[in-house]
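The same chain A turns up in both complexes below, where it pairs with chain B and then with chain C.
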Partner chain A sequence: MRKSAPRLLLSALNHATLFLFILVLIVFGLLSPKFFTVAGLTNLFVQASSTTVVGVGMTFVLLTAGVDLSVGSIMFVAAAVAGKLALGGTSLPVALLAIVSIGLVFGLLNALLVTRLAIIAFISTLGTLYAGRGFGLWLTQTRAMNLPDNFLALGASKFVGIPTPLIIGAFVVAFAQLTLTRTSFGRQLYAVGNNLEAARKAGLNTRLLLAAVYMLSGLCAAIGGILSLAQLGAVSPTFGTNREFTAIAAAVLGGTSLFGGRGGVFPGTVLGALLIQCVENGLVILNADPYLYPLVTAALIFLAVLLDSTRSRILAHWARRKIFVEDAV
Partner chain B sequence: MTPLLQVESVEKSFFGIPVLKAVSFTIGAGRIVGLVGENGAGKSTLMNLLGGNLHPDGGTMRFNGNSYAPVNPRAARAAGIGFVHQELNLFPNLNIAENLFLTNFPQTGPVIRRGELHKRATALLKTVGIELPSTTPVDRLSNGERQLVEVAHALSFNARLIILDEPTTSLSARETERLFKLVRQLRDDGRSLIYISHALDEVLRLSDDVVVLRDGEVVGQGKATEFDQNKLVSLMVGRELKQLFPKGRSLPLRRALESNEVGAEPRAPLLEVRKVSQPGVVRDVSFSLRRCEVVGLSGLMGAGRTELARILFGLDPHECGTILVSGEPLTGSPRRRIRRGLAMLTENRRDDGLCLEASVADNIALVTLPNYTTSPLRLINFASLRNGLAKIREAVRLQPKLSNEQPVKTLSGGNQQKVVLAKWLLATPQVLILDEPTRGIDVGAKSEIYQLIRDLADRGAGVLVISSELEELTGLCDRILVMNRGRIASEFAPGEFDRERILNAALPT
Partner chain C sequence: MKTLIRLILTLSVVASSVGCNKDDKASTSTAPASLTIGVAFETLQTEYWVAGYEAIKAEAAKRGYKVVEAVADGDANRQFEQVRNFVTRKVDGIILVPKDAKTCIPMIRAANVANIPIVLFNRPADKSDTKSVAVVADNFALTRATVDYMISEAKKTGKRLKAMILVGDLGDINAVGRRDGFDAAVKEAGDTLEVVARVPTEWNQEKAQAGVVNALQANTDISFIFTSSDFLFPSIVSALKGAGKYHKADEPGHVILGGFDGDATAWQMLSDGYLDATGVQDVYFEAQQSVQAIVDLRAGKQLPEVIRDAGFVIHRSNAKEKAAQMWGANVSRK
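Here is the complex of A and B:
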């Protein structure tokens, strides 16, 4: 069948991130010889692992047509508590467990606000963003903490020659991919995101489904926090700031719709996260003014949202109109 | 043999107003039961009780030999009652199989067994006669196919009773026949079906039994052969409806036509469409609409009627051709076209025609609110607005009991449509485009809307009526155009209104 113009456009939009990623790779590859080495690429993947994991959690939330703005603050609180515990002599596994629990607790808080008090996700999670940041700042007394070496060692460690952060990231992605495509929970999330009311009428437990995605998002934020900590080795008062935006950008660049019901983590969110990381690394290589970074990130976010809204417009257009095949003249 | 469903003196009130009053009826196994009644007669409430969305205040129900009191839709489904809703409750972003088994996927642990899923889905699709892979995304399906998928969904949990609520409103003639064949086949398998529709001829043709509701009471039930359309209508409205369509042709038009015949200068058309084309939508469409004229636009689903209306109103672009109003080209946004005297009543009032949460007054004043302001700050002059509202409400005969502050979502379909009409009539349009003006509204309101359309034309407006009901067009219009795959296939003058010929012109050749 001959492809019509809008179908081609949609196809182009769906692959825009991939094209962009390849383009960025080529440009920076030409600019820096170190870029295309095994070490360079591995480094890219390791650095992107944190954004990927947080983005995976965000993808779950976005699929239900919600949003979780609190992920950056969750990362910060989790890191602050872990730092306190680690400096107080708690062992690494216990500290990690504490981080994960904090992620789940914040996720539960968001879930209760959204499903029980029926406060829209944007406001609920904006509230937890501020509450979390405030709590973390109080906890750390706004002082930076240098963590014991075992955190950094975790970041540098390898398992059968593969960096641990990469393994963790890959595991989260694989688990999420399986959940979204192969479990009834995953498929039901797509239904909820498409039409909450219809999902309720179809007999789905929409409250539980919505609660679960905020829990998952909190959990992923905490794990992403561990991965960031393992690379930085320190908790500064700005740790995790604006990470909600990179996470949303990664998911949306990867084709997940802000309007819910469409998208996925692989290759979607993974590709989005890699693109963002690639651009950031490129800016470092170019020796760009650090104050320009937010501008570039903002441009990426606008691009992502533009792609999404254009795609949605085309799809809405199709849903409405019956197009018959023109007779050959 | 005990009946499949027994409803005994079921009652339901909302805020002290009884909606169902001691409703009793039975449905035998392996029967198709047509349920008819005007809007507001209590059909939806009754179905919501059966479906577990609402709970009765009194009375009992027995289903399949057991006492039946579903607490929620899931319980209704578990008992074996399936729904095919008017607004289709499918998820277009999932595929057919996923839609069918959304709440009971075959799975090992949490993981879906895909082979099993598609095997079962394929079997169901075969039963309902869809020859598509079960992995087809639902957004690729036509309305008719979606309806069949909904039936398949009811079969997926082996429903004994399947309730179809206005299933044919958005189906083509062929899709309707396909659905009817399936409904009969399911009946022959021993299932029972409740068929709710305003299309009385369909109800009579399809059903074994008929139940008529009026004002929350069963006013007639029995074998379908004991009823005919007139009897159903008179039971539904409680009086013989003598004249559904306004009588005669409008006087000004007759005069105008006469003056044309004696060789006077032909009147310039009010709306003139010249060779309008948009690829894949409409092709080479030309026609004109005169003052005082009601022109019908007939055709099958997907013939391009609504699409043409959207182009005329400036909602969609067209690649070539011109549209003239009173001889001047018509261009730009709907806003500009409204200023030129256009108005369009959309086919789907809930989505495109009304702000459902907003009040009657807000909806009626939506287009013309700036006319009810006073300088210098252009503040709303509520006195003059109230005045305008009162006049227009009377003109469209909106139920006087309804307050201006009532949200329109609480209104019946007929009154909602009158609100939409009132909104446009306040703007005193010259060219009215009405897309399915009587869809899903009751007989009484229909007749009133026909009268309104006729009155408007008599006062000099040109009206273009799009309708899938042929009787509506033949009864109301001065001329009928038939669209077929994006073209205007033929035109019929009043003497030539012949159901068969019109239908043949609409059918694909």
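Here is the complex of A and C:
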């Protein structure tokens, strides 16, 4: 009986984002009839697709107790190169391929810094963030680029009535979910996140695993960049700015721990991204005071960290109790 | 012989020193022969800042002055270090684009203590005990004039239109001035406009795009949009295209569009007939005034705390005549 209370609390904490998402939907739906329409919900899913995909990559990194602060810069550099190519007459598929390649190259760079030079992820990716932003600014000469209409057409296109960005986002989520839950690679990532040294002693190639997550994060940032670019149709010098914080918030709100070893992309990160976008969309539809937005965003981030730390505290408490019982025996 | 040589040398030294004094006097009263100016920008992440940076360097080069450059990438602490480096190098003047109105006050104080003139380019400081001169666009008045022009266009439709404003970063005093200018203009046009959406953008195109899409979904009949910076136009255009509402001014269903800055995208949209008006900051005037203020302060002249750039509103009727003054049009031609 005494055990059931913390278990219930943990279960509630694990599903808190889902409850919050439903609550937000109901509140905005009641306040504005225009919120709960097919068009409104489609907008929500399409606009959240980019954050979801970048958040998926971030989830892989966070699971290993790392962090990737460079995702926004990767989006910018990839978009800048694609923009230059597109304006130079390169076809859309080649430009998209260039975006994906740049994501992988930046991911590889982060992987080398973290695994070969043993620079902690926070510093490595912070360096890549600045280097990427600087390189992108040099490449664009701080000029905005309005891309050919085929980029916007990609964002507006549909397949069997479903918006293409939504399909791409769903594909990435499905791939990530299967990887994490159905492959040994996925299970090994959790092991690395729980205890890197123990995972290494158990024979796991931890360097390779860590390198893989940074490359996956770079790849996801590039795909997220494509989704944003397809909706915006332009590259500005601020493209992708602060996207790392949104991606981390989405992952953590979805239950992924900042300390590694716990979390997942579905429903976790997907719900986190939807919740963030839902709140922003709802505030615009209600014509809320612009001063309210940062307060609400801050509240969400605070909530995410609070949920994570409370979950961690409860789990740590349980671990201590188990040790105590074994000693007593 | 030796005495003769000494006499010739003495005379030549005296003559040359008299000549130098004449030059020095002339240079301090009008333009010094050579100055070194430290130019510290908070960021170069918009076309406007790059245009301003280039204009200051061009103005300095025209006068034969040397420029020492620094960019803080949005980091106020780094900018403080850069200003201190300028002070250590004993530059003759500092032109600063601060991150915000408050963090620049210690920088101004450091320059004041070293007796180095400091000019704030396009962003003024909060009230304090420090001494500086700010060269800034009149965000409030220029926005108001731009929106007034848009309202005059709206009146021609004979209907009461639904309006949207894209608000900039609320920590940026320029964004606040533009929002207030918009509010002042629409307050007196209640019979013509109803503001149904205020989209905060934090100067981020992606946020702006999502916000405009949602606002258009909630209010499908919005037909008047003002953006606090022209660099957000691609977000508006994308959303309008998605909603099937992007039409030229002479086409039915046109959404009245206006902005602020005068960048290359705005110039292109104006030339293509989609944009109604934008308030242009005269970046060349601001650069010239900033460098001149350094010269004047060094000469001990009293200057006002704020030198205003009145800017101008460009619209389809005066576009050809004003194009040469519009920095975005010049960038577009490069």
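Definition applied: the second predicted complex is superposed on the first by the 310 of 329 C-alpha atoms of A that agree within 3 Å, B and C clash if a C-alpha of one lies under 4 Å from a C-alpha of the other, contacts with A are read in each partner's own complex, and residues count from 1 in each chain.
Simple rule for what comes next: contacts are C-beta pairs under 8 Å (C-beta built on N, C-alpha and C of every residue); 3 or more make two chains touch, one makes a residue touch a chain.
Remember, predicted model here, so these are calculated numbers, not experimental data.
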(request) Could you classify chain B and chain C on chain A, in the superposed arrangement, as clash or fit? (result) fit
(message) Taking the superposition on A as described, I'd like to know which of chain B and chain C A:T142 touches: first, second, both or neither.
(response) second
(message) If we overlay the two complexes on their shared chain A, which of chain B and chain C does A:Q231 touch? Say first, second, both or neither.
(response) second
(request) Tell me which partner A:D289 touches in the superposition: chain B (first), chain C (second), both or neither. (result) second
(message) Counting residues of chain A touched by each partner, does chain B or chain C come out ahead?
(response) C
(message) A:T241 in the overlay: touching chain B, chain C, both, or neither? Say first, second, both or neither.
(response) second
(message) With both complexes superposed on chain A, which partner does A:A39 reach: first (chain B), second (chain C), both or neither?
(response) second
(request) Determine, under the contact definition given at the top, whether A:N281 touches first (chain B), second (chain C), both, or neither. (result) second
(message) Once chain A of both complexes is superposed, is A:Y190 in touch with chain B (first), chain C (second), both, or neither?
(response) first
(request) Look at A:A156 in the shared chain and tell me whether it touches chain B only, chain C only, both, or neither; answer first, second, both or neither. (result) second
(message) Looking at A:Y130 after the superposition, I want to know if it touches chain B, chain C, both of them or none. Which is it: first, second, both, neither?
(response) second
(message) After overlaying the two complexes, what is the shortest C-alpha distance between chain B and chain C, in Å?
(response) 30
(message) Looking at the complex, which residues from chain A come into contact with chain C?
(response) 32, 34-35, 37, 39-40, 43, 47, 50, 130, 133-134, 137, 141-144, 146, 152, 155-156, 228, 231-234, 236-242, 277, 280-281, 284-285, 287, 289-291, 293-294
(message) Touching residues of chain B toward chain A in the complex: what are they?
(response) 53, 72-74, 77, 89-94, 98, 102-103, 105, 107, 110-112, 114, 139, 142, 279-281, 301-302, 307, 485-486
(request) Report the residues of chain A in contact with chain B in the complex, numbered from low to high. (result) 4, 178-179, 182-185, 187-188, 190-191, 193-195, 198-199, 201-204, 261-262, 315, 318-319, 321-326
(message) Touching residues of chain C toward chain A in the complex: what are they?
(response) 44-47, 49-50, 73, 167, 170, 196-200, 203-207, 209-211, 213-215, 217-218, 231, 234-235, 237-238, 241-242, 263-265, 268, 331
